[in-house]
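As written, the chains take the letters A, B, C, D, E, F, G and H, and residue 1 is the first residue of each chain.
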Amino acid sequence: MNTLKINGSERQFPDGTPGTLADLLKKLNVKAETVVAEIDGQIIERDRFSATKLTEGQKIELVRFVPGG
Amino acid sequence: MEKLIIAGKEFNSRLLVGTGKFSSSAVMAQALDASGCEIVTVALRRVDIENENDDTLSAIDRKKYLLLPNTSGARSAEEAVRLSRLARAATSINWVKLEVTPDPYYLLPDPVETLKAAEILVKEGFVVLPYINADPILAKRLQDIGTATVMPLGSPIGTNQGLKTRAAIEIIIEQANVPVVVDAGLGLPSHAAEAMEIGADAVLVNTAIATADNPAQMAKAFKLAVEAGRLSYQAGAASSSKKASASSPLTGFLRDQ
Amino acid sequence: MEKLIIAGKEFNSRLLVGTGKFSSSAVMAQALDASGCEIVTVALRRVDIENENDDTLSAIDRKKYLLLPNTSGARSAEEAVRLSRLARAATSINWVKLEVTPDPYYLLPDPVETLKAAEILVKEGFVVLPYINADPILAKRLQDIGTATVMPLGSPIGTNQGLKTRAAIEIIIEQANVPVVVDAGLGLPSHAAEAMEIGADAVLVNTAIATADNPAQMAKAFKLAVEAGRLSYQAGAASSSKKASASSPLTGFLRDQ
Amino acid sequence: MNTLKINGSERQFPDGTPGTLADLLKKLNVKAETVVAEIDGQIIERDRFSATKLTEGQKIELVRFVPGG
Amino acid sequence: MEKLIIAGKEFNSRLLVGTGKFSSSAVMAQALDASGCEIVTVALRRVDIENENDDTLSAIDRKKYLLLPNTSGARSAEEAVRLSRLARAATSINWVKLEVTPDPYYLLPDPVETLKAAEILVKEGFVVLPYINADPILAKRLQDIGTATVMPLGSPIGTNQGLKTRAAIEIIIEQANVPVVVDAGLGLPSHAAEAMEIGADAVLVNTAIATADNPAQMAKAFKLAVEAGRLSYQAGAASSSKKASASSPLTGFLRDQ
Amino acid sequence: MEKLIIAGKEFNSRLLVGTGKFSSSAVMAQALDASGCEIVTVALRRVDIENENDDTLSAIDRKKYLLLPNTSGARSAEEAVRLSRLARAATSINWVKLEVTPDPYYLLPDPVETLKAAEILVKEGFVVLPYINADPILAKRLQDIGTATVMPLGSPIGTNQGLKTRAAIEIIIEQANVPVVVDAGLGLPSHAAEAMEIGADAVLVNTAIATADNPAQMAKAFKLAVEAGRLSYQAGAASSSKKASASSPLTGFLRDQ
Amino acid sequence: MNTLKINGSERQFPDGTPGTLADLLKKLNVKAETVVAEIDGQIIERDRFSATKLTEGQKIELVRFVPGG
Amino acid sequence: MNTLKINGSERQFPDGTPGTLADLLKKLNVKAETVVAEIDGQIIERDRFSATKLTEGQKIELVRFVPGG
């Protein structure tokens, strides 16, 4: 199994999946164009989502704008 | 009314509006429209991947409004800088409303961490709009290191108490060479008008509009009040006095002396 | 904004403007125009037969503005009644702003003489708008005998001190079944907005507009502030609180609990 | 001579003049349409200015609207 | 501190205390003692003949305190006069605190009925201390007809809102030639001190003392605050300014220019 | 009144007095005596060797008063630390009122430099009483690093404007675990009483006493006001309300229902 | 029977009683020295309580000081 | 000659004088017990005034308490 820590909680995925950050977002039904991603503290520009391979144990943050003052 | 200029960018409206606490995206959109604002603040949060919902901010037309991300939730300079970088990655522009509020109860800004974060962000090329206590010395230090504005609070956020810090904000305005935007605590249009009358360049309002029974109408009220206050500031208000003075002539009475 | 109704007559503007203290008729005319007002107050005085000059009020378009004569200068009910009758003879209409101010220094109204004069004038068919101290009991007695409005003062005339009598005016508004027009002492647009926010039906402003460096612009500022205050009153402002409340979400922070 | 007290100060006129209130206003260069008149406490309607004869010793008040708050 | 003189009678204390709302006679007695007051107000009511109880006021030592009967409950001049006469029959002296409050909700005084009653009572030889709205003209009329004091309210009775009517009371004090006693609404010692600082001759307090958790201690607090305010008034307080001024020397710093 | 405890030292008086601006040593000595204070602040300055005069502070009995040196004149943490060390060398004790005021006009404290200096001085074993803006977050950080008190300003020093920062000081008091001493801007005894009523542990006054026409009497007034405010705070003041409530019974009126 | 209206409510008494105002107060257990009395709108001084005879139908007010502000 | 910078201004003294800090204070008529001294940034405790020799070019600060808020 493949374990990723996403937004603070661990998630298991079948080996070899999700291949890329883009694949992960699709799996989670999250529109890529609305989010920003950070992998192990490194910001990933949106245009590199599909080029970014995910590997066991990475800490992934998916954030987006919400209403605020 | 002459334009408001922040970091070289011109704005016709001197009312900034926060997008929090609205009952729905539709209500928010109507209120933003009624307010005539051109800058709206937003926050950055984790996507809730357990129950993914549509992007509630899609209601905001980004051609019409400049999206100003805040760093709400940051308790230290480090967290604020991290949030700012994420926000920049998410937007085309590099503006940020800097908030560092270690205290979860009154959400008051930390002067030391805010200054530290501002120094880093300015160096990284951010246009920094720092939310601060009404502290004239801190305001001066921030403008000296190159923040685009200073945003002193009128009273603690969400309290609607109005311009409790008036005495200090008058000093900040007197010393400022960047726009002074009064942020937090303005609960009524008269509070916003008062801030503008003493020479504030703009005000930011969220709670008072979003939690009114009729947010769109309240947004319109704040729009008018901000314009009224600015016009008054420029029109040169007469000072107040203790002694009364007649508005009708004191001669020509129908009686013989 | 719904109309203001006084004695059955409808008005779109909730700002009444006094015509005193302007530097010239031209400046006055511009300010009245900018204010959007529909009711303007005037005084009655002896013609200066030694050096007769043109009628300075010819600048006022009486189709556009309702001329509201005041009884300024009256020190007793008797003098006020006499002035009212002369005013009626001079105008097509029978409206009068009743002022009885025995004290030449602070020009404060006399409650007893004002009530006495109001009783006589109402009997004679006048539409009486009495200028009074912020006295809820007196206000009630006046509306009970049939005055068209009550006009409590915010602070002594010409002082620009603002709504010093707020506590009492809130009670007057609560008990009123005729329009409450806050008169005298409102020195800034924020003062006018505050009066409207607490539910006043209208405000009367003179000194603050006439003595501003730019009267027309200040008139515009008061116009907007009055609208802002009225909209806020109807929009249902949220109440103020001592505890802060975040305008950004308190969940989804970028940290693990 | 004919003495009238106008707005508080006495004024002498040749006998028989001014005949009417209208005549007096003309003499004083006061536009009738801008003033209200009171003779011995009695209000005189504007349309009766020319019909109103003046007699020795009357107290006449000529008032008009002026700017006021 | 120089003595307070009312109707020729001298008093060392400038704090008058009302006897209502105390939890018990014992608590009241302790509070009166702690307050150092010399004048206490009482009301006149029908004896409840169905269940007769002891005279709760026997706790008050009439050698130590001047009993000042009020006319509370009176809604008209006639009722107030009747109560005053009964009070005089019950006491050795002819002092009365005149209250005419037709409105049962805010218990505000009626200016017209109060003046009418005062005229009658003064003629009948009463020493009249009228409770009034903060109306300078009414205050002047009352002192002109011979009342022993004027007692303008600071804010509606029992609200503890403090000196909301400050602007008007300053005018009353300026014009007064009888002692000005601020009555009603003073909720904290600082309110009483403020009233004395602007030149009031005395204050009357009841609710704030009687409803405190510790009435005797609060009475002591008001005693000290009234003395502090009076001393300050006489000591000639420096005026306030917008510009700061150092309290330490601005020369001799440890640095070379 | 229970004692005030600062850094383990007990004091009976909750009024600290500054020694600046008095017209003479004699006047100062009388005022200090009348104030009942036990802590007096002094500044450190270069000896004027060109015209040496006697030590003006010899008038202060150091057995009666604790001398609290301030660091006035310091524009940075470094200068404040240097002054503190010199002050310690001059006194038997190691207490210091920490002031860092880069701005020569309003003399407002610098939050960043003040915190930096406090950290150094606490490490060196000083008892640090920092003068700060009314900034709850800064106050918390200072008490967390071990300052003996926090001394937020009521309004800019020497202005006599009173407790303009009340809203923020209430938060500081709520969060404090060291004594809160309100410093600067208190111009009248009622201001000092108000600060104590909301729970301040003490106040520091200088200008208002030293510049009064009669400093000794004003000192006495502040002494009483501080005691009054403290007693009120402990006595549990009743809250204020908008609705009036009678202080006389609402039954037993002399009329038949 | 003998009817008196006391403080707004009617009261019946055996014929001939109470003879005087003083008698009435005793009957009601009201200390004379703490009250003021009014009969048909007329104030009765305390020293005349025992000299004051009561007659059928009189309106009697008995009042006293109570705590008040 | 012997030059010292005292409280920011230079002062000349005959060679060999003033010998000690105590001597200097006496020369300046400054009561030792009311001042604190700093030489070249170093604080000198009062009990060491007479033991402290002064040498050419030193920067000396003499400070004392004055009234302040």
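One rule holds for everything that comes next: contacts are C-beta pairs under 8 Å (C-beta built on N, C-alpha and C of every residue); 3 or more make two chains touch, one makes a residue touch a chain.
None of these values were measured; they are calculated from a predicted model.
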item: Most distant chain from subunit B by Cα centroid; value: G
item: Between E-G and A-C, the pair with more C-beta contacts; value: E-G
item: Centroid spacing, where centroids are CA-atom means, of subunit B and subunit H in whole angstrom; value: 55
item: Inter-chain centre distance, subunit A versus subunit D - centres from mean C-alpha coordinates, in Å; value: 95
item: Separation of mean Cα positions, subunit H and subunit E [Å, integer]; value: 63
item: Centroid distance [mean C-alpha coordinates] between subunit E and subunit C, Å; value: 33
item: For subunit C, residues contacting two or more additional chains; value: 18, 20-21, 43-46, 70, 72, 86, 106, 108, 156-157, 161, 206-207, 242, 246-249, 252, 254-255
item: In subunit G, residues with contacts to at least two other chains; value: 8, 61, 63, 66-69
item: Subunit G residues within the subunit E interface of the complex; value: 6-8, 28-31, 34-36, 38, 43, 45-46, 61-69
item: Complex interface listing, subunit B residues touching subunit C; value: 18, 20-21, 43-46, 48, 70, 72-73, 79, 82-83, 86, 104-108, 156-162, 187-191, 193-194, 197, 206-208, 210-215, 217-218, 220-225, 227-229, 231-232, 234-255
item: Parts of subunit B lying in touch with subunit D, wherever the complex brings them together; value: 246-249, 252, 254-257
item: Interfacial residue positions of subunit E with respect to subunit C in the complex; value: 102-103, 106, 108-112, 115, 133, 135-138, 140-141, 155-156, 161, 164-168, 171, 175
item: Interfacial residue positions of subunit F with respect to subunit H in the complex; value: 18-22, 28, 41-47, 49, 52, 55-58, 67, 69-70, 72, 85-87, 89-90, 157, 184, 204, 206-207
